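What follows is a set of structures for review.
The two complexes that follow have chain A in common; it is paired with chain B in the first and with chain C in the second.
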Partner chain A sequence: MSITSIFSIALGAILVENFVLVQFLGICPFLGVSKKQDTAIGMGLAVTFVMGIASLVCWLVNYYVLVPLNMEFMQTVAYILIIAALVQFIEMFLQKSMPGLYLALGIYLPLITTNCAVLGVVLLNTQKNYNLLESTVYGITGGLGFLLAIVLFASVRERLDASAEYPKAFDGFPVALVSAGLLSLAFMGFSGLKVW
Partner chain B sequence: MKKVFTDGLLKNNPVLVQLLGMCSTMAITTTMFNGVGMGIGVLIILTCSNIAISLLRKVIPDKIRIAAFVVVIAGFVTIVDLLLKAYLPALSESLGVFIPLIVVNCIILGRAEAFSSKNSVARSAIDGIGQGIGYTAVLVVMSLIRELLGSGTFGGGLLNAGKGIRIIPEPFPALLIILPFGGFITLGCLIAFVQWRANK
Partner chain C sequence: MDALLPIFLPVVVLGGLGTVFGAVLGVAAKKFAVDKDEREEQILGILPGANCGGCGFPGCSGFAAAVVSGEATTNGCAVGGSEVTALVAGIMGVEPEDAERHVAFVRCSGGARSNRKYDYVGLDDCFSALNAIGGGPLTCRFGCLGLGSCTRVCQFGALSLVNGVAKVNREKCVGCMQCVATCPKRLITKLPYSSETRVGCNSHARGAAVRKLCEAGCIGCGICVKNCPNDAIRVEDNLAIIDPAKCHNCGICVEKCPRHIIESVVSVRAEAKV
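Now for the complex of A and B:
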């Protein structure tokens, strides 16, 4: 367990194996909440927070409850319940203390529960046998990767709305998907980047 | 009844029209084996969860319905996950984390919320089958296109001892189409095609 391995996990999660653009996790909010940069930042931060806490809590539940009881097959059910409870908690917190962000996120806030990046990071932590520290780092940096991707994409889409010409059939989702494809092409440039 | 079934196939296709379940659609459609396997998995889970939720629709309190739906779905996903691990380990390995992630596939939760929590058991079952076939069809089309252009083969993982039938000779296929970039572009073009047909 060294600093380099932590750094290598972080680098991987943010750039090389970006959750959205390389691993295809969390596409729904990525396409749904990326029309404006402010909401994209809010969403990215909320997801980062949930991913970090979820990684930590799920690791503890897995190793101190499920493994001793020999109930690893219940992992998926347990994880999704933990995530749903966390999101509910964050929703109540935001409603009280940051009503502006709460309104801006709207329907997409409860939908963080069904964001596959969150469940994905927790499942990957278990699959890769990460320890507590590694899991938490992977969760937080994976969220930062999501934040980076969604903010970049929101800026692209703002430009796209302001001045872009494309066939009418591509209106709406298709043009967003094609731009996301180009963004993911750019992220392919990071593949091969490694810290030993 | 017939309308409930055919709606899912084209007019109200879960991926191309409702724009749900994007993650798995783009991530796993690299070979026909993956596309068919994932599609059938979702079809089974969607039908089962639609039936179960329709049966429970009067019991589940409105306030905690989403949590209840998710638990029902997670139960079925766990069953399918374990069955695949036991009987089809090759498929289980190649779909990887995307099998447990069916829990958060918006199609299943979306149908639970929009349809089976309000309709009879028979109608919900038909809806599940129709939507599931619609989803499978999109996966198969996507994987056909991506596999042909990206690796130059047809039926990868299924035909010719898993290697698929080679159509485009070795050095020519554009590997890029198999990579994430190709997933975004292919789905974008498919949806654009559907919109173009609808506008005409």
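Now for the complex of A and C:
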């Protein structure tokens, strides 16, 4: 477990295997909450937060409960359960002890419960046989990759709104999807990037 | 029995996980319960729910919390007006404070009547235009760029572009003042609803300069000052300013202004009827 491998995981999660633009996970909030940069940042931070904690907790449950009982085949179901409960718990905890953070993330937290990027990251952690530290790092940096993608996309959409020089038929979601595709193409440029 | 284990074990384990999580959440709900004042919920129910931020608090829930904690007065909600003020005061058990209704006003009537340095081709956004060469296409550095950044922030559809200049619909405007904060030229001000005669210019340039720059600019000639029967107008820094407290909306200045930039709601209405 060296710094290099941690850095390699981080780089992979943020750029090379960006959750939204390369693995196409979490597309729903990516398209839904990206009309303004402010909301995009809020959503991105909330996803980062939940992905990090979910990776940690799911690894613990997988390692100490599911694996000893030979129940790996129930991982998906168990993870969904964990994420849903975890998000609820975090929301309550934040509301009481960190009202500032709660206000900042408030609306976005419940939305994340059903975000497939969160489920995706914990399943990938298991698939790649990451240990506790690697899982958590992958979760947090995967969230940062989501944050990067959604903020970039929100700024693209803001500019599109300001200067609508595309055919009228493309107004709204079509042009958003086209620009999301172009952004995704740009991220293809990172494929093959590796750290030794 | 061994054959049934793979079926029962997951049920037990997942059921156990679910029970544990449920218990933890139940305890957490009690432990982390946030004491909320009942009145906060009630006030939130009355508020318009536009979350415009015109009160200076983050959304309607922020305002409700601020009223209960005493940080805000009951008349803080501009959107709800006197009705909401009365209801909120009722919940709080205090006398309602009177709130004079305020509306936004764009202090420029240039638009198509103002001169341009060049044709601006770029984003339909006042901030972008302001960053273009020479601070934007307008020759007058005070005037409305007419690209409608304010019309897009208005949640109530009260702002629109008329002849290349933003205009406020007084009836739709609720006084949340989002546009005031947005306009990069700080052209939009808050005026009492009762103030019906307004100077549609914000130029502090000298008269001779204004004549060259814009056909709809105040040259500070003072004709309105001389003709006002109520001493409500003064010229300050080459710009006529009407004091809403003294103005009786007689409309004499509207007729006398050689530049036709003082506008009256009354005259607009008369025109509309014709």
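Side notes on the structure shown:
Assume the second predicted complex is superposed on the first by the 176 of 196 C-alpha atoms of A that agree within 3 Å, B and C clash if a C-alpha of one lies under 4 Å from a C-alpha of the other, contacts with A are read in each partner's own complex, and residues count from 1 in each chain.
The rule we apply is simple: a contact is a pair of C-beta atoms (placed from the backbone, for glycine too) under 8 Å apart; a residue touches a chain by one contact, two chains touch by 3 or more.
Worth saying up front: this structure is predicted, and the values here are computed from it rather than measured.
Touch criterion met: A:65 reaches chain C, while chain B stays clear of it. Touching more residues of chain A than its counterpart among chain B and chain C is B. Of the two partner chains placed around the shared chain by superposition, chain C is the only one that A:96 touches, whereas chain B remains out of contact.
In the superposition on chain A, A:77 contacts both chain B and chain C. Judged by the touch definition given at the top, the superposed model places A:21 against chain B, while chain C stays out of reach.
Legend: residue contacts after superposition of the two complexes on their common chain; A:177 is shown touching chain B, with no touch to chain C. Under the contact criterion defined above, the residues of chain A that touch both chain B in one complex and chain C in the other are 73-74, 77, 81. Listed in rising order, the residues of chain B touching chain A in the complex are 19-20, 22-24, 26-27, 66-67, 70-71, 74-75, 77-78, 81-82, 96-97, 100-101, 103-106, 109, 176, 179-185, 187-189, 191-193, 195-196, 199.
On the chain A side of its complex with chain B, the touching residues are 21-28, 31, 73-77, 80-81, 84, 110, 113-116, 119-120, 123-124, 127, 167-178, 180-182, 184-185, 188. Residues of chain C that touch chain A in their complex: 9-10, 13-14, 17-18, 21-22, 24-25, 28-29, 31-34, 58, 122-125, 128. Across the interface of their complex, chain C is touched by residues 61, 65-66, 69, 71, 73-74, 77-78, 81-82, 85, 88-89, 92-93, 95-97, 103, 159, 162-164 of chain A.
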